[in-house]
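Below are two complexes that have chain A in common, paired first with chain B and then with chain C.
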Partner chain A sequence: MSAQALTLFWPFCLFIVILFIIGFYCLLVTFNLIRALIGLELLIKAVTLLLVLVGYVTRHEALIQSLVITLIVMEVVIIAVAAGIVLGLHQHNKSLDVRQLRNLKG
Partner chain B sequence: MLALNIDIVVLFLMALSALWTVMTRSLLRSAIGLALTSAMLTILMFRLHAPLAAVFELSVCSGLISVVFIATISLTQPMSQEKVLQHMKDRLERFWYLPILLILTGIVLSFLNLKFNLILPAPEIEKDPRIVLWNQRPLDLLGQIIMLLTGAFGIVILFREAKKK
Partner chain C sequence: MLSLLILIPLAFLLLMNFLTLKGRRMAFAVVMALSFFQIYAVFCPTIMANRPLHGLASVFDFTLAVDGLSRIMLLCIAIVIFIALLVAAPFVKEEDKRFYFAGLMILELMGLNGVVMVRDIFSMYVFWEVAAAASFILIALQKKRDPLEGAFKYLIFSSVATVFVLSAIAIILLISGDTSFAAIREALRVSPHSFLITLAVGIFLAGLFMKAGVMPFHGYLPDAYASAPAPVSILLAGVVTKTLGVYTAMRIVIDLFGFSASLQSILLCIGLISAIFGALAAMGQKDLKRLLAYSSISQVGYIFLGFGCGTPLGIAAAIFHIFNHTVFKSLLFVNAAAVEDRTGSLDMSRMSGLASRMPVTGTTSVLASLSASGVPPLAGFWSKLFIVLALWQCGHYGVAATAVMASLLTLAYMLLFQRSVFFGTLEKGLEGVVEAGFGLTLPAIILAVLIVGIGLFFPYIVHTVIFPVVSY
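What follows is the complex of A and B.
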């Protein structure tokens, strides 16, 4: 590990942990379905930054970039399908509050 | 040293925009905050020598996902004034712990300052992510295509169900 990468690693890790906590807290505390998706997005962003940082430190930038591109594609699909599900639930219940989702059957 | 300072400023801005995304009352502002967080992440990716991934992040996460969120927000019904007032009280009770938790975590982690002595693999020779993606990891591309098709079919089925009802 080069000296420059070593000095970068810890401050980045600190902020990645902070970003992860923000996303996780949002996911835990919110009752709104759209805000839960936003929390999930923040978690994915923390993971993305961690991957890019590790790629920079280990000098495997090309491999990590290809992994990050795959991650971004997955992220888009997950968010698009989840947004569709949220819209469907809103049409059924006229609410985005998870506490109102009590009529699930099966 | 200057480069590290710039990185820390951008990291701080990213954390602030993420906090604003979570704390703000309006969902629309949350979506804008998320786009801002993505833009900050893009700057960091450029600085960490990942330009192709950064361009993807900027165009897809900052652009497309924001559009998806804003479309979802505009298609859902806004709350009545009474509900909004009640909701504001509830939100304040639930979210005021977050800044305190973040400050405590920041203080604890900055005092810890762990040293990592990792045994790292040798640096790779291939520097072009396009060659890595097409030649070394073609299964990833197959996975991406399958995911995209799954997403497309999922959305088509969801909207078809909604139309029938």
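What follows is the complex of A and C.
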């Protein structure tokens, strides 16, 4: 690691950790389906930034660049599917409240 | 030639869209043909030999490899896809939904094959997501309320698991700087960063445990299994969570991290909790598919117990149990599908004595239950015996004894299920029930023959198939 990389490393790391915490907090406390998806997005963004940081620190920018682009594509697929499911749930329940999802238990 | 197993499904998936309306009715047959091709390929040495491709074809050269472990998983995937399609006919009625269903099955086949054969940590993640996305859509395809709910829970859990795995991959890349298994193994071996490696192993395994649905991380699994349409439940319980969770954990630990004492005790601990509490939770269920889902959690616990020994015998036993679990759990879900198709319900308190009306379903489900609870000479007995022997061999006497006890619990809930659904006098209102159609009895018979056959020809199979798995 060069000296310049080191000075940037810790603030960047701290930012990623904060993003992780916000994402998990959002997933845990929200009762709204869309907000749960936003929490998920925050988590995936944190991971993407973590990969970018790793590429920057280890000087493997080219490899990490291809990985991050693939990751973004996969993430879009998953979120599109999730949004479709949320739409379907909204048509059935007429609400986006997680507390309505109580049919399955045991 | 290994890339054929990924490229042919991909080609079919693309070409299927050019079919005319009449041709689209053949979609199920196409996927069945693909699964037959895969069964043939597993036993065909020219396809399994991984020669590098030359010229223009080298564009498709992934870092693929197969060993005995991957071959057994490929076989499981092909069998389950075939059975699920046979069962699907009465449950997916609309013409266009059938076409989408077939397409998603091909996608699932491709994703799972990729996860099994790939030897590159990031490609593995990509195929992982392909298989996971296909299974979310398969659950929710008919847009009914409960499946949507199950699919949403599965999606959230699965994505959080993905975030864990990706973080672990990032940490591993920090150490190794390359994504292929060989390079990572070498880098981890010489690396001085023992704290980072422990952190990566921990996060990675937490993600995989979530995917596999073992006991402390199982929240979504019964909902997803019980709400999904019958063929999708077969697929999820048979191969999806096994490949994405259990197989990947085995591959990662064997190929990358290697066994350490603390890793073994984590695996044994998780396995024991799942095996016991999964079985206890299964006893309290009223819904047939929910009971089978908890039973699946319990059997995954067994697989982790065998794997946690870290010895060749333990790993062989775990693989053998994955195969046996695929067969008997698929058979039980086929039986549940037959019961659901004929009575229109899965509530066990409202049925009894169905064996007299549905003789094939009743008999095959007894065979599957006995195999699951480890009664000789059926297939499940041998794999459970091997797991217990492996535990004993490593000196985990207490764990081995508890595993035997958990097997008794399995027998208990399987008998409860048999007694309330198939045995006894016929419940009022079920007099009109007749045996399920050909599409539901044929897969049941095929799987029952497999269970009995593997049990009886066990000495031959264990020397030709199971032990060579661990002799690499």
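The rule we apply is simple: the second predicted complex is superposed on the first by the 103 of 106 C-alpha atoms of A that agree within 3 Å, B and C clash if a C-alpha of one lies under 4 Å from a C-alpha of the other, contacts with A are read in each partner's own complex, and residues count from 1 in each chain.
Heads up, the rule we're going with is that contacts are C-beta pairs under 8 Å (C-beta built on N, C-alpha and C of every residue); 3 or more make two chains touch, one makes a residue touch a chain.
On a predicted model such as this, the values are computed, not experimentally measured, just so you know.
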Touched partner set for A:C26, first chain B, second chain C, both or neither: first
First (chain B), second (chain C), both or neither touched by A:I38: first
Partner chain in contact with A:W10 - chain B first, chain C second, else both or neither: first
Partner chain in contact with A:H60 - chain B first, chain C second, else both or neither: both
Which of chain B and chain C A:V76 touches, first, second, both or neither: first
Partner chain(s) touched by A:I18 [first = chain B, second = chain C, both, neither]: first
Per-residue touch tally on chain A - higher for chain B or for chain C: B
Contacts of A:V47 with chain B and chain C, given as first, second, both or neither: second
Where chain A meets both chain C and chain B, residue numbers: 53, 55, 57-58, 60, 63-64, 67, 70, 74, 77-78, 81, 84-86, 88, 91
Contact footprint of chain B on chain A as seen in their complex: 1, 6-15, 17-19, 21-23, 25-26, 29-30, 32, 34-35, 37-39, 41-42, 45, 48-49, 52-53, 55-70, 72-81, 83-88, 90-91, 94, 96
Partner chain C, residues of chain A touching it in the complex: 27, 33, 36, 40, 43-44, 46-47, 50-51, 53-55, 57-58, 60, 63-64, 67, 70-71, 74, 77-78, 81-82, 84-86, 88-89, 91-93, 101, 103-106
For the chain C and chain A complex, residues of the former touching the latter: 122, 125-126, 129, 132-133, 136-137, 140, 143, 145-146, 148-153, 155-156, 159-160, 162-163, 166-167, 169-171, 173-174, 177-179, 222-223, 226-227, 284-287, 290
Residue ranges of chain B touching chain A (in the complex, touch as defined): 4, 7-8, 11-12, 14-15, 18-19, 21-22, 27, 30-31, 34, 37-38, 41, 44-45, 48-50, 52-53, 56-57, 60-61, 64-65, 68-69, 71-73, 75-77, 94-95, 97-98, 101-102, 105-106, 109-110, 113-114, 116, 118, 120-121, 123-124, 126-129, 131-133, 136-137, 140, 143-144, 147-148, 150-151, 154-155, 158-159, 161-162, 165
